[in-house]
Amino acid sequence: MSWFSNYARSSVGAKHIMAVTGLALALFVFVHMLGNFAVYAGQDAMNGYAETLKSTGAFLWLARLGLLATVVIHIAAAVRLSVLNKAARPEKYRMFKPIRSSFHARVMPWTGLIVFAFIVYHLMHFTLGTFYYDYYSAVQELPGGATRHDVYSMVVQGFQIPAVALSYVVAMVLLCFHLAHGMTSFFQSLGLNHPKYNAIIRYAGPVYAAIILIGNSSIPIAILAGAVDLPGA
Amino acid sequence: MKLKLHVWRQKGPYTPGEMVQYLAEGINEHMSFLEMLDVVNEDLISKGEEPIAFDSDCREGICGMCSMVINGRPHGPDQGTTVCQLHMRRFRDGDTIYIEPWRARAFPIIRDLVVDRSSFDKIMQAGGYVTANCGSAPDANAIPVAKERADAAFAAAACIGCGACVAACPNGAAMLFTAAKLSHLHHLPQGQPERLRRTQHMVNAMDAAGFGNCTNLYECEAACPKEIDRDVIAMMNRDYAKASFSHRD
Amino acid sequence: MDLEPRIPRGPIEDKWDNCKFDMKLVNPANKLKFDIIVVGSGLAGGSAAATLAELGYNVACFCYQDSPRRAHSIAAQGGINSAKNYQNDGDSVYRLFYDTVKGGDFRSREANVYRLAQMSLNIIDQCAAMGVPFAREYGGTLSNRSFGGAQVSRTFYAKGQTGQQLLLGVYSAMSRQIAAGKLKMFTRTEMLDVVVVDGRAAGIVTRNMVTGKIESFSAHAVVLATGGYGNVFYLSTNAMGCNVTAAYRAYKKGAGFANPCYTQIHPTCIPVSGDYQSKLTLMSESLRNDGRVWVPTSADDVALPASQIADDKRDYYLERKYPSFGNLVPRDIASRSAKEVCDEGRGVGPGGRGVYLDFRDSIKRLGEDAIRQRYGNLFHMYEKITNENPYRVPMRIYPAVHYTMGGLWVDYHLQSTIPGLFVLGEANFSDHGANRLGASALMQGLADGYFVIPYTMGHYLAAARPDKVSSDHPEFKKSEQAVKTRIDKLLGINGERTVDDFHRELGKIMWDNCGMARNEAGLKSAVDKIAALRVEYWENVRVLGGSDTFNQSLEKAGRVADFLEFAELMCLDAIERRESAGGHFREEYQTSEGEALRDDQNFTHAAVWEYQGDGKTPTRHVEKLVFENVKLATRSYK
């Protein structure tokens, strides 16, 4: 397997790894967003969706581990490349004017790091219940007397706090920057290009990123605006 | 024209450098940028100061020798132009101009604005050729090449090896150079037999030389005096994957 | 001086075959024992270095640039000739041979030219195999264009970058040999002396341009492929670094220098725009395929914009004077005609030193896109330099120094008068006579390097079995000492004038007196002026900095010092050649129509100069040129 480690450590191989893990994460974000849309269908739908996910048991843990590994690989490769890239230009220019690169492309490491910090916060918020434990511990009582985790109320109550909603929207804006460059770069990095389709590919990232931004931000905004509210409120 | 220049002066590879200010007077707008520096140098010599060292040779935009970052842009403000073809009519009287060398670990400074680009040669030596001993060639027309392929090969082969791509890349990467060399040969039937091996070896040589990595910023493409397209890099990326997963050296 | 040309036996078409058969071979195992030095990494030097290394010799190659890929061959734009006859338009090896001899005004060596025409076929094959991206037709076959001095389309090209693409081919072959360990490359290294031991070339002395280190390298044979000396004129289309030093040092060590007065003034260059100008830019001759050259018929109209000059007020003087070749007459004729019309006061542009090269009619006929396809990069370059759009207004062009046909004398084996010292490409004198046809320089460089030297070098090494002299030999030490002394002397003068200032003055003397038209009085005055300038140089030049650092002034100073001596040799040769031939136009020798007038009776020879010592007049020897196949005739392109 030395060939694979050589490949993974090479500049182009590392790029492929960034691209593939990045794509996996971006697709996860999309699926995650679709799942989140259950919030618009009301408490039953949302909580039912959450329950179904949890019931997969080992599969859920496998997916979580896979996701975690992907994040770790993506970040580890990015950090390594950033360090190498810094070293490749030991002396900075006294004056330098970028021409073609967009701002969001140049700040990929920063948006990436902030988004990562957000993910930690997000997990602590909704998955681990580190903050707002009251909301986290809410349960929905089902007709048969059984109860289940009331994800719906947790989300709604969480986003009714303006600072929380705002932090999520800001994070989505940064994620959008990250994806706008990342998704287009995926094609370039793996060489999936063709003069005929390059124009489309060039917009693939920004369009995808915009969908994620609008879709995900719509939830805290809708809740803050009162369009989605607690059951019975 | 009168100009205020800030020029990087550095006596040798191991001595620290600094920006030094000079006044360029009596500059004519028809001069090329390098001719302006010639005038400044003549003036420096007459004052008993050592002239600014900079590389230039053909002065018609093809040898790739000239190399300086002008006001933060490799080869200066014009698209698709080497410094030697940049003319002073592009500047205005009284302008302040910053002049710096290519800055990259893989291009150590020799003196002032002169850098050592032999790392490019090393990349070429790793595989930038078709193995065809002299005398072994079939008739030139025996291997037809579609015009579109030949044109694409030419577009990549137009690379003059100046290093502006590396200078422009925020990561100091040599992807555009290496990929242009590969793309030239890989658009032609002559380049196919060694395609995967060549890609692998040249990318590895590029990494070994201490260049940075590509983050798809395309500053290289913007700085390239021959306007080589980012697509060449995509081709290299694809071939490298193919080579890594299917080729055995 | 032994000027035996070693022309092989037999009819001209068999000579090279006979030569190859008669030559001795070196067996593969023995090749490993021979060291060869190649100076210069352009088409000739680079191809020689790569090919000799392929054969198994140990090769060391030296160039002053930072990479072999930058040699000035790279700047050749238009194309490379080959007698492939792919266009079915009547070309043949014999016709290319004939055109080249005629184009050279019957002052080249027949046998060499014929071999060149033969090799032209192999060159295209070899380059295509190495991946040179030549222009192609839609069907995938190679495309051709026409060039000056020929009525067939035999020029292969890669847009306006043929030189760069061919050189990249050579460079890639070199890279392969460097990786294989057979070729050792020394970049940013300048050759400053040739070392001759017991009458044979034994090595060279160099200066490392980064560290200033003076070093000796010894070998079994030395190949010089160091290009031409056009920069003696200061302004030329040559690169800034092109110089005569290597060739001149060899001359001082006993190599004969042939026909130094033969210089080519290229007709299509961008006119000079001011005193600050550091070099001139050539616009490929291929432009004359579709561009029409003209000036106003009347000197009164020169200040008018071109668009306001009606057709009947335009003088398409090349089409008028040379109806059968029209705008495609050879370079020397096109240049002289431009000078003539400008001398008549009909020149256009600043200073009246320019003629129009007009694409209006071809744009009308073929459309702007077709013209852009063919010459896009040239038009772009023109616009960059002049700030004028050549699609709208005609280009202005004027002749400029471009190529030097003269060079170190070589025999059929490309060996100079010093055994073991071979000279290739523009640095030698052999193939172009008194004028070179367009797209022939690339051809010659590659023929010499790829296909001639690999054979003749073997013969020299096998037949002579020279011992390799150690680089500790006293001759090397003597050369090193001389080189160091000279450098210290240049650095110690600390006078008032810069090196460039002297070079510019020398250039003006040469351009005024030894340029497009020459006469005895002017040449003699030039000799005096050069001598005076040289004396002043060694008393009043200012070279700052040290000898042990990267010092560009010092590099230039050494080169200009050699130009200051060499310029005199050029003028002497021009004085002694009392005829007009090709690029050498003596005003005293012209027909009543102003065409060059050769004197075949007295000057059908190459003049070869032998150095006699500093301050002494060199001796002029001759190699008689024998024409057995081509009948000497007055060149006519009418």
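As written, the chain order gives the labels A, B and C, with residue 1 at the start of each chain.
To be clear about the criterion, contacts are C-beta pairs under 8 Å (C-beta built on N, C-alpha and C of every residue); 3 or more make two chains touch, one makes a residue touch a chain.
As the structure is a prediction and not an experimental result, all values here were calculated from the model.
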Quiz item: Taking mean CA positions as centres, which chain lies farthest from chain A?
Solution: C
Quiz item: Given the two chain pairs A-B and B-C, which is bridged by the higher number of C-beta pairs in contact?
Solution: B-C
Quiz prompt | By mean Cα position, the chain sitting nearest the middle | solution = B
Self-check item: Averaged-CA centre spacing for the pair chain C and chain A, given as whole angstrom
Solution: 64
Practice problem: Please compute the C-alpha centroid of chain A, do the same for chain B, then give the distance between them in whole Å. | Solution: 38
Quiz item: When the C-alpha atoms of chain B and chain C are each averaged to a single point, how far apart are the two points in Å?
Solution: 27
Quiz item: What are the residue numbers in chain C that touch two or more other chains?
Solution: none
Quiz prompt | Residue numbers on chain B that touch chain A, as the complex places them | solution = 6, 8, 19, 69, 71-73, 98, 100, 103-106, 168, 170-173, 175, 203-204, 206-207, 210-219, 221-223, 230-231, 233-241, 244-245
Quiz prompt | Contacting residues of chain B [partner chain C, same complex] | solution = 11-12, 28, 30-32, 34-35, 38-39, 42, 45-46, 48-51, 53, 55-65, 78, 80-81, 85, 87, 89, 110-111, 114, 116-118, 120-121, 124-126, 128-141, 143-147, 150-151, 153-154, 157-158, 160-161, 184-185, 187-188, 190-191
Quiz item: So in the complex, which bits of chain C are touching chain B?
Solution: 47, 50-51, 54, 65-70, 72, 74-75, 84, 86, 122, 124-131, 133-142, 158-159, 161, 163-165, 168, 171-173, 175-176, 178-179, 185, 187, 210, 237, 239-241, 273-274, 276-279, 281-282, 380-381, 384-385, 387, 450-451, 454, 498, 500-501, 542, 544-545, 549-550, 552-553
Self-check item: chain A residues touching chain B - in the complex, by the definition given at the top
Solution: 3-4, 6-7, 10-16, 81, 84-85, 87-101, 105-106, 108, 181, 184-185, 187-193, 195, 198
